[in-house]
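What follows is a pair of complexes built around chain A, which joins chain B in one and chain C in the other.
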Partner chain A sequence: MLLNVNELSLSLKRAGKYSKILDQISFQVEEGETVGIVGESGCGKSMTALSLMRLLPEKALLEGEVNFQGEKISGYSKRKLEKIRGNQVSMIFQDPLTSLNPLHTVGTQIEESLLLHTKMTKKERRKRVLQLLNDVGLPRAEDLIDEYPHQLSGGMRQRIMIAIAMACEPQLLICDEPTTALDVTVQAQILELMNKIKKETQMGIIMITHDMGVVAEVCDRVIVMYAGKIVEEGPVLEIFQNPKHPYTQGLLDSIPKLGQRKEKLGSIPGTVPAPENMVVGCRFADRCSHAMDICRTVHPPMIGIKENHQTACWLYEEGDEKDGSIGSHKLEAALH
Partner chain B sequence: MRMDALKFVGKRLLLMIPILIGISILTFAISNTIPGDPARLILGPKATPEGLEALREDMGLNDPLYVQYGRYMGGIFQGDLGQSTYSQKPVSADLIRYSPATFELTLFAMVITVLIGIPLGIISASKKDKIADQITRIFALIGVAMPAFWLGLLLLLLFYLKLGVFPGSGRLDSGMSPPTYITGMYTVDALLTGNWPVFKAAVMHLVLPGITLAAITIGMITRMTRSSMLEVLKSDYIRTAHAKGAPENRVLYGHALRNGVMPVITLLGMAFGHALGGSVLVESVFSWPGLGRYAVNAITYLDFPAVMGVTLLIAILFILVNLIVDTLYFFIDPRLKHN
Partner chain C sequence: MVRRILRSPLSVVGIVLVLIILLTALFAPLIATHSPTEVDLLSKLEAPSAEHYFGTDEVGRDIFSRIVYGTRISLRIGLLVVLISFPIGTILGAVAGYIGGRVDQVIMRITDVFLSFPGIILAMSIAAALGPSIENVMLALAATWWPWYTRIVRSSVLSIKNSEFIEASRALGANPFRILFKEVIPNAIAPATIQASLDLGFVILSAAGLSFIGLGAQPPSPEWGAMLSNSREILRDAWWAATFPGVAILLTVLGFNLLGDGLNDLLDPKQR
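Up next is the complex of A and B:
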């Protein structure tokens, strides 16, 4: 197993007190696998990504374990973690313009990872940078190397970010909304590039997005997050065909489909609750049309619907929904 | 890119002309509305009304103001700034004589400002809200809040009178002759001619007035560097640098500093002007024979040509320094080259 995240919780200090942003997140990523993390804005997707490499604001409280290639990196010192960052685990961010240093040339920025993590000579590094520019589909690499981010288009900049991330051939790539800030046509090109890279390497990828289309395009498995918790997890096909959690169903309903002329697109009423005033039971209950009494008092545990398909919802119980009646675990919880 | 920079500088130099004309009109008008009669000051209390009238006529003081101004400006274009009524010498000669001392002092203060202010600001930003930050904050505030003449007196009291480690007045030890005249700045001239004893004395004499003059600008630059660095450290590309695995110091000096220092450079231009103005007080406290003291004397004796000369010179310097600052951006920020 490449990455094993175990009960990861994150609290951030806001207005003088700590509030929980992530609540006991657990998931795994295998080698060569692309895992999508989806959810609305503010549900903790990006914070999950940043927590893995501890790229967090200073006053952040992190609990739980992050194991990378069998090593417990959540216990690593800052210096030890710096050796992994950009080397074995790379990241790509949402806005490629602000994510690149405006005063450094493209070449210098790609080269930096090599400078930090390899013993390559200057000549070798230059060769590798040119190769990387080529790999991410950028023409006239020789000129590009001396240009600055503001001279490039959004798509080119994101390709540069990918080149930076790929420089040291990482085992894990974390992409935080890599296509959100781009034009639709450019989005498609970047996703194509991601798929190409995926095929060529045995890299594990975490793809954070709010766009179900992106998930369908590149992911093998999906994790659906809501208000700092994982609510459903399963293979892409399974989730698209057989979504269980009402939140996942809502997300899928809100995608416009070709050929269907609906009067109105599906939307989920309400917004994600703020971490400061988190509810006791299921966090989605207030926006859920199936909400029952138990939903408002006890948080539903993660249960297996099928092999690999899990959800946290009182509507279902262990081992598929064959049995429609209230399952024993629901009763048990209700009795508390 | 070169052409762009040249065009930019050319445009700014042309813009200087209306600014300078404006300043000259303003200074001329102000110095001529101050009550007081230069002719009476020159001739003293025993002057006869006839004598006064003759001198006024001779000095052109009876002409309408715009005629006087036109005559003055006509002279400027021939390099003639008029005759100082106090020193009885051409103002241009006086300016050449006194300005090197002021440049030397101001430049020295600016060097101290950069060498102390920027590092303090960086430390303050990287250790935000920790003890180092608090201590720097206090020093910066004291520097900004303390009046220069007061700080100058305190420093004199402590380091000159009590401890005797630094000299307290003038540019060189008494009896020492200045180095061969090249720039007029003793430290530079001594360095160029390899005159070490004079160099050492000149530097020692610069320390106290230099610190006094720099106190305010150090405070300003420290605070500016801090806030600018804090802003930069929050940006996405700093997160990218961390994500690449760059260690803290590399992020701070390799990525943040160059971005963070840009607003600081603009402020440095302003600080230079501030220091030039501040030299008037500091030079009086430390008996520094520069433009500041010359200006104070000129004002006391209603020596209008001298006041005008000093004002115009400082205005030109201030504009030039800010032009240099703006040009520096071309070399620091690649985004300007292409727009």
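Up next is the complex of A and C:
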């Protein structure tokens, strides 16, 4: 087991009082596995990623355990965590335009993590940087190394970000919406590159996204989050073919299908509730068409539908194999 | 880069003025026609002529040579004051902005105290307490000048400290000290640098002002402010004694201001 997150909760101080952003999140990532975390804006997926490495604001209250390669890193000191960040666990951020420092050359920025975490000489570092630029599919590495971020296109910059993240050969890569800010064609290239890297390195990847297409493209397993809680979890095919939670079904319903022009795309009415006024029962109840009385009073526990496939919804019981109403065409639609 | 500078005629004027001032200060002994302090009572209060370009003062000193040597004094004051207050202000501002919370509160309240005190009054009291001299004027000006840089740097740090590249740097495992000096300060320093180049002129002006009221350079030192002060009484008989030091101050301040504006356009990372 590469990463084991156990009942992770996060509260942030807002307007004088703490509100719970994440509520008892538990999940695992194996070596060589890509786990997608999906959900609407504000559901806590980015915060989950930042919590793992404790890249949080000062006034954050973090509970629960994070185990990385059998070590309980949630108990590590700041200094000890800094040794892991960028070295064994790397992150790629959403916007490659702003994630690079405009004042340093591309080479210096890729070199940075080598400088921080290895004892390489200047020559060795340069060699490694050139090799990394080649690995992420950037041509004329010799020139690029001395160029500034503003001279590069968005896709190239995201490749640079990947090169930075890969510099120390991490065991775990956390990608926070790595393709959201890119053109569709460039998105495809970046995803292809990530699949290639994944095959070559056997590292674990956490892919945070709201794009079901990205999930279908690269993920092995999916975690669906809603309002700071995990509502469904399972293998990617299973989730697409047999989604159980009404929220997951709604998410899949809102993907446009190629060749079919509907009057109206499926959408889920309402928005994610703010952490300040969180309800007692199921957080999705207010937007759910199947909501029952129990939904509003007791939060549903995680229920195993099949091996590996779990959901938190009162509609189902342990081992329940009631068929979801959505078929495999969803997966095909998402792949287009 | 050179072409960008040349596109703006005003910054060219600024650069030329500053260059002239720098060269004058550097080669003062070669440029000056007389000794700046040599008294020649036989030729006192002479109007500008081929012998004395800018005329002579009430004890017959050559005003042109005094102004030439005065460049050295003024430049030294300007540079030293800015060189002392700029790093202090920058580091305090960056620390306040980046760390925030209580540290920010403490630093900024101290800054506010200094800012709320009229600079010239503070400088006067320091100069009065320590005795009038050019060194004390520099000390006084440096003590009143750093809070401006603290303010400027803090606000630009606040605007960039949540940038993704800072976050990315944290995710890379860089410690806060390294992030502050390698990522935060270099990206936040441009506005303060521009302010510093403008301030060179203002510091020179303030120093001349303090010398004018007798708290700075003492006669016979060829400081421009002191020269102006001396020429007050003879203004009606000898216009040149007040005019040329005044023009020297004017051109110096103007030069540094135009240079600062030019830098403003040049250092803006968004335009690069």
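Assume the second predicted complex is superposed on the first by the 319 of 336 C-alpha atoms of A that agree within 3 Å, B and C clash if a C-alpha of one lies under 4 Å from a C-alpha of the other, contacts with A are read in each partner's own complex, and residues count from 1 in each chain.
Keep in mind that, in the parts below, a residue touches a chain if its C-beta (ideal position, glycine included) is under 8 Å from a C-beta of that chain, and two chains touch if they have at least 3 such contacts.
All values derive from a computational prediction rather than experimental measurement.
Asker: Looking at the superposed three-chain arrangement on chain A, would you call chain B and chain C a clash or a fit?
Answerer: clash
Asker: With the two structures laid over each other on chain A, which partner does A:Ser90 touch: chain B (first), chain C (second), both, or neither?
Answerer: So A:Ser90 meets both chain B and chain C here.
Asker: On the A-aligned overlay, A:Val184 touches which partner chain: chain B = first, chain C = second, or both, or neither?
Answerer: A:Val184: touches no partner chain.
Asker: Of the two partner chains, chain B (first) and chain C (second), which one does A:Ala15 touch, if any: first, second, both, or neither?
Answerer: neither
Asker: Shared contact residues on chain A for chain B and chain C?
Answerer: 53, 55, 79, 82-87, 90-91, 93, 95, 98-103, 112-113, 116-117, 148, 150, 161, 164
Asker: Give the list of chain A residues in touch with chain B in this complex.
Answerer: My answer: residues 53, 55, 78-79, 82-87, 90-91, 93, 95, 98-104, 112-113, 116-117, 148, 150-151, 161, 164.
Asker: What residues of chain A sit close enough to touch chain C in their complex?
Answerer: 53, 55, 58, 79, 81-87, 90-91, 93-95, 98-103, 112-113, 116-117, 148, 150, 161, 164
Asker: Touching residues of chain B toward chain A in the complex: what are they?
Answerer: 235-237, 239-248, 250, 255, 258-259, 332-335, 338
Asker: Would you mind writing out the residues of chain C in touch with chain A in their complex?
Answerer: Residue positions touching the partner: 100-101, 163-165, 167-175, 183, 186-187, 269, 272.
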